[in-house]
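Shared between the two complexes below is chain A, which has chain B as its partner in the first and chain C in the second.
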Partner chain A sequence: MIGHIARKELAELVRDGRFRWAAAIVAGLLLVSAGAGWTRYRDVSAQHAAAAAATRAHWLGQGEKNPHSAAHYGIYAFKPRLPLSFLDQGVDEFAGTTVWLEAHRQNDFMMRPAQDATAAQRFGNATAAGVLQLLVPLLVVLLAFGAFAGEREQGTLRQTLALGVSRTQVAWGKALGIAGALALLLVPAALLGAAALLLGSAGAVAPTFGRGAVLVAVYLAYFGVFLAVSLAVSARASSSRLALLVLLGFWAVNGLIAPRVAVDLSKRLDPAPTAFEFARAIQAELSEPMDVARLEREVLDQYGVETLDALPVNFAGIRLQASEEHGDVVFDRHYGALWDAFGRQSRTHEAIGALSPLLAVRALSMGLAGTDVEQHRHFAAAAEAYRRSLVKAMNDDLAFSSVGVAAYAAGPELWESVPAFTYEAPRLASVLGSRTMSLIVLGLWVLGSLLVAAGAVRRAPVD
Partner chain B sequence: MSATNVGPELRAETAPAQPKGAVLEATGLTRRYGDLAAVDGLDLSVHPGEIYCLLGPNGAGKTTTINLFLGFVAPTSGSARVGGLDVATHPLETKHHLAYIPEQVMLYRNLTGVENLEYFATLAGKGALPRTDLLRILGEAGLPAVAAERRVGTYSKGMRQRVGIAIAIAKGAEALLLDEPTSGLDPKASNEFSALLDGMRQRGVAVLMATHDLFRAKENGTRVGIMRHGRLVVEMTTAELGHADLERVYLDHMRD
Partner chain C sequence: MLSHVMRHEARSLAADRTLQAVALLFGAILVYALANGVAWLRVQETTLASAAADDLTRREALAAQIRALEDGTATPAGGDPRAPATLGGARGARLAALPPGPLGALAAGQGDLLPFYYQVSLASNDQSFVQNGEIENPLNLMVGRFDLAFVLIFVLPLLILVVSYNLISAEREQGTLALTLAQPVPLATVVGGKVALRALVVLGAAVALTLAGALIVETDRPGALVLWTVSVTLYALFWFALAVAVNALGRGSAWNATVLVGAWLALVVVVPALVNVAAHLIHPLPSRVEMITAQRDASNDAVNRRSELLARYYEDHPEMVQGLALDTANAAARSWAATEEVNRRLSEVASRYEARLAEQHRLIGRWRFLSPALLAQDALLDAAGTGDARFGRFRGQVMEFAEAWKAFFVPHVLAGTHLSSADLEAVPEFRFVEEPPGALARRVAAPLLVLTGLTLVVAGVGLRLLSRYPVLG
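Right after this comes the complex of A and B.
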């Protein structure tokens, strides 16, 4: 019975020129945006690989020089893009994926909160995620608004119910028929995406497919919410026009208004400093002179000597490392506060997902694509840890290997003792663990929309 | 071909005998909207092989009566029974005994006549009827195969009514509820529809038809009831009446 209603619904939709046009537009945009995303992922990954090899070669080939000069010579670190980033570029495009690692400075990633962009802005970027988050739900609305209201106006609902079919059976049939029509559009796109991942991924594909499977489930849940809400509204609306109006309002609140509200509210609740204020505050603290006299006393006491010349180590290296650690404390405090503010803003976004499933889906989508703020922070922390180990290796060499040498210069052995920078993205469980709120919010939306739809359908008027 | 997925004309050899009692039965059936009684204490029964024509002016309660039998409206008091089952307590089961043809048979415009019949017959629990059976049933209902293969969007009202009859035949309904089925049909189409209705009666279907058409009521009906202000004010067999008598009786009861 339900299958038969679904097949009829699908046949009608497929024959409807409006569906064919709308589906063709959405499919075209999805294909173009995903293709552009994939090309960018492939190009950037290749550029990163080439640049990483080049920066390593430069490091190893820098010749003989003072280790502290080598620390200033520095090295680039590149955030590896996960294959799924072709679907959702998240904050990467705005926050950057490259950082310059050098002595004394924790250089900025350009912390522009792209995550705060409204959905309309994201649509302007024409990412596949934007199409999935905004246009596919719009297509669901256009397919489903007349499910009950339209049939009621045509009189076919009366005809159907007079046969002894329950409203719930009609609703399930409609839902499956519409889902089938969407599948005609989305399944080929998903298969293309899977093939691209299989053929184009460097390294193990299992983690990518694990993330991809969860991503598919998240988007299916999201579309399911829109379908259930559309059926509920259609079941209760007095006309298909009213149903369409209400559903377009829901779509606009979900995709345009709620994200804007989330941005403004989260900024108001947890303001983050501007880039200028942030840099100025750090600089102000760094410019405060270190207590070198006290350091001298401590080092002399440690080695039991009276003068710096009597030290078995080069005090310059000790002082440079102490200066580095002094700066680290400042950086940790300021960056920690900044990241914490972004984290709180992110949680506010997720909480406001109660008003808009898009916010939950967006957070999960970026997380699974490896392009959210949290994973940016994860990479930044790894890069900073590497910077500190590199600088410490240089300072230690200066401190312990240059005693009594007038113009000390280290060579390739020291450069090679510093391993190349490698980075491993967080595992799926860790990503989902950091997105528990979004998972709960999306789950509640699914449950709530199903309950509302069930109630509305049961009370759907015949005429 | 099984006896469960064909119309009553083919089931006759194997199907059990029609129920002896009334297929459609209203007892003290009342539906109120605030102070207004749309149907007020209606007692009515329609037996197999009978066409009961319900006459009355607009707002007399004819369509509400049909809706009460369909379970689309809940009774305020009393009961509507179909095949011995109370509609209020068995809303889905009772519909399995029924076929319903409204004033405008509404079908899916993007599907052909045969696809519409296949769809509605399957929803009625008839399973997947072979295409040849579907075309034959539509032929029985007066719709030629050429027309049956066209999308319903191109159909006239009369053609849609024929699909409605075909659905009833395919369903093997024991009772047929008709709400102004000949309204808007030209005389020829109306006459052909009457012939189809008589065919249903001869198959033992109990027919309850709400209509304004006194002529058709006299031609097709075996009994006529006249409603006014929700009440059944007179009931008689048409065999006892000539055309003039029915019109006189009707008009007499319409006077305040």
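Right after this comes the complex of A and C.
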């Protein structure tokens, strides 16, 4: 019986001119935005690969100089994009793309693409994720708002039930029919996306497909929630008009109001310092003088000599490294606190997902696409670790290779001894681990909406 | 007659529980948005105050050091603050700040993304002007703030659609429309009365909150307030006109609701997002990252060619040299010549980039006419003083200031002379010059005129359709 209803529903929808139009528009937007996302992914990856090669060449080609000058010269790190970022560019346009790794300082990320855009950018770019998060649910609402309410108004619900079909069977039939109509739109899109990934992404595709499979599951769960909520409202609403209004209200809160409420609320709950305060606090701690006399005594004791000149090492290198480590503690504390504040803000966004499943889905989607704030932090941490290893290599060389040399200069061998910076994105398990709250929230939405729908359908009035 | 319709309409709307709830929610949203905006304005004010205080402290400390050196009560240790490379360099850097816009509390605009203050010194170059703005979670930047501009651009149209999607269709569905029109009153008057009442209430709330915001931040620019109010009114009238036109097509309420939500989605969400994407596809930007590569290439070259560069610099800039002979050049002068060469190469890359960027922005400027929401955003941000134009103006003035700064210090660097405490008075100061109100009005005229035109066209179509409305159909 369910099959009959589903087939009837699907046939009706597919014949409906409004559905065809709406589906064509959504499909077109999906195609355009995914295509634009793919171009962007390809361009940015090429730019960053070229720039990374250039900065490495600069590093290797800096000629003969003092290792500490080389550390000052430093190197730039560029955040790579994962292939799935073509679906969801996340915060990438608003977070910096590159960071300068130099002696003495942990720097901020620079060059946020959004700063070069006009205010129109604040309306958001057309991305596949945006279409999936905002437009497809609207399509679900438009397909489903009349499922019960419309049949009730036409009097056909009473007829169907008179045949001995249960309300739950009607609901399942409707749900499958609508899902079938959506599948006509989404399955080809997903296959196209998978094909693009298979053909177009460099390197191993297995991690991408792992992330992609979870991404598909997340979006399916999201559409399922909208379908269940729509059927529940349609089952109980006194008219199809009211059902539509209530569902549009839910859609607007979900996609429009709740995400912005989360922004200002998260900032109030966990304020980040202003750039001025942040820089001043770091500067104040960095300029606290280091206890050089104590360091001298320690090093002299360690080597069992009386004067710095008698040391078998260059004390300048030791001192530079000690001041570097003094700075690292300061940077770890301040940047750690800043990223933690951002992390708690993200958590507030996820928690408000209890009102708006979009927030949970968005967090998961960005996480899987590798474009969320947490993976930005992951990259920043990797770059900072590399900076420290690079600076230490320079200071160690100064300390141990330049003893007794008047104007010491190292050469290409030293520059080459520092391996090029490589970055590995976090694994799927760790991405999902950082997004447990969203997983739970989305799971609760699926469960809750199914229960509510089941209850609402069972008690659906006949007319 | 019109007032009669309005009075009657007011009574029936006031009895509607759903509408009461919606009105209450809208009021709460407006207040929340204003509170957020004011909080953000205070953050900016505090930041600028601390930055200015810090600037003053540094300057006074430097002046005191210089006086002590001149009195002979101190001897130079470390960098001599009288050296032009020091006084004009990072230690003597000068704050260049953009005061918050006249209605900055109503629209955060680009203020959370673009820098509103810079430190200008001899080290300033094109790369300094692509620095980050205020510290902000990129997630929050991506989503955008819940400020009054957001509520007016996104939520206000939805509210208008909720209260007027069934403006006429509901009366026809209930059968009251024929009764009403049996009285000696034209349909256009009935519709006019209904719209007028709704517009009064909705716009009244929006304007009241705007005024409250203006009072709280004590704005001294009434012109901005007028511009803001006019923009909001025009934008709201556009949506009312659209609702009337869709109603006038004579279909049912559910159909009206679907079409109007579709229109909202298309004009407020989809078109702006497509404009952004199209601008990137049609005018792709070269990578900013190229600036880094160029800067490094240039500085690698320049370091090894300081003397040669200095000679060329002397030829290119006689105004800076003031008859100085090359053989007296000091180390600071040679270093400056290398820096300036790097700056020159950087600004080549930057100006290529800026030219491409300008093309992209021109395209977006033309295509904003596709969406009333983009037009309204433009006008509102310009009124608030948080739009691209004011930030661009600020950046331009800071760049000019950086040139003035160089013109003051570089001759001393080249001559190898020290500055004295008497010179401190003459060090350039930055002061942001606001766009004259006339120029602002001319710039905003285009979007507002187009918005007016759109509203009139839609309203005209609506009125024509109304004359053929199937009252009993």
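Note that the second predicted complex is superposed on the first by the 448 of 463 C-alpha atoms of A that agree within 3 Å, B and C clash if a C-alpha of one lies under 4 Å from a C-alpha of the other, contacts with A are read in each partner's own complex, and residues count from 1 in each chain.
In the analysis below, contacts are C-beta pairs under 8 Å (C-beta built on N, C-alpha and C of every residue); 3 or more make two chains touch, one makes a residue touch a chain.
It should be emphasised that the depicted structure is a prediction, and the values quoted were computed from it without experimental measurement.
Asker: Clash or fit: chain B against chain C, after overlaying the two structures on chain A?
Answerer: fit
Asker: Please state, to the nearest 10 degrees, the angle that the Cα centres of chain B and chain C subtend at the Cα centre of chain A after superposition.
Answerer: Rounded to the nearest ten degrees, it is 100.
Asker: Mind working out whether A:Phe94 is in touch with chain B, chain C, both or neither, as first, second, both or neither?
Answerer: second
Asker: Touch check for A:Phe278: first (chain B), second (chain C), both, or neither?
Answerer: After superposition on chain A, A:Phe278 lies in contact with chain C alone.
Asker: Per the contact definition in the header, classify A:Ile5: touching chain B only (first), chain C only (second), both, or neither.
Answerer: In the superposition, A:Ile5 touches chain B alone.
Asker: Now for A:Leu163: first (chain B), second (chain C), both, or neither, which partner does it touch?
Answerer: first
Asker: Tell me which partner A:Asp16 touches in the superposition: chain B (first), chain C (second), both or neither.
Answerer: first
Asker: For the overlaid complexes, name the partner, chain B or chain C, with more touching residues on chain A.
Answerer: Touched residues of chain A are more numerous for C.
Asker: Quick one: is A:Arg42 in contact with chain B, with chain C, with both, or with neither? Answer first, second, both or neither.
Answerer: neither
Asker: What's the minimum Cα gap, in whole angstrom, linking chain B and chain C in the superposed view?
Answerer: Value for chain B versus chain C, nearest C-alpha atoms: 16 Å.
Asker: Between chain B and chain C, which residues of chain A are contacted by each of them?
Answerer: On chain A, no residue contacts both chain B in one structure and chain C in the other.
Asker: Within their complex, state which residues of chain C touch chain A.
Answerer: 29, 32, 36, 39, 43, 46-47, 50-51, 54, 109-110, 113-114, 130-146, 150, 154-155, 158, 162, 253-254, 257-258, 261, 265, 268-270, 272-277, 280-281, 284-285, 287-290, 292-293, 296-297, 300, 357, 361, 364-365, 368, 373-374, 377-378, 381, 387-388
Asker: Considering only the defined contacts, which chain A positions touch chain B in the complex?
Answerer: 1, 4-5, 8, 11-12, 15-16, 154-156, 158-166, 462-463
Asker: In the complex formed with chain A, which residues of chain B make contact?
Answerer: Answer in residue numbers: 70, 72, 92-96, 98-100, 102, 104-111, 115, 119-120, 122-125, 171, 177.
Asker: Which part of chain A faces chain C closely enough to touch in the complex?
Answerer: Touching chain C from chain A are residues 29, 32-33, 36, 39-40, 43-44, 47-48, 51, 54-55, 58, 61-62, 76, 78, 90-91, 93-98, 108-126, 130, 134-135, 138, 142, 240-241, 244-245, 248, 252, 256-257, 259-264, 266-268, 272-278, 280, 338, 341-342, 345-346, 349, 372-373, 376.
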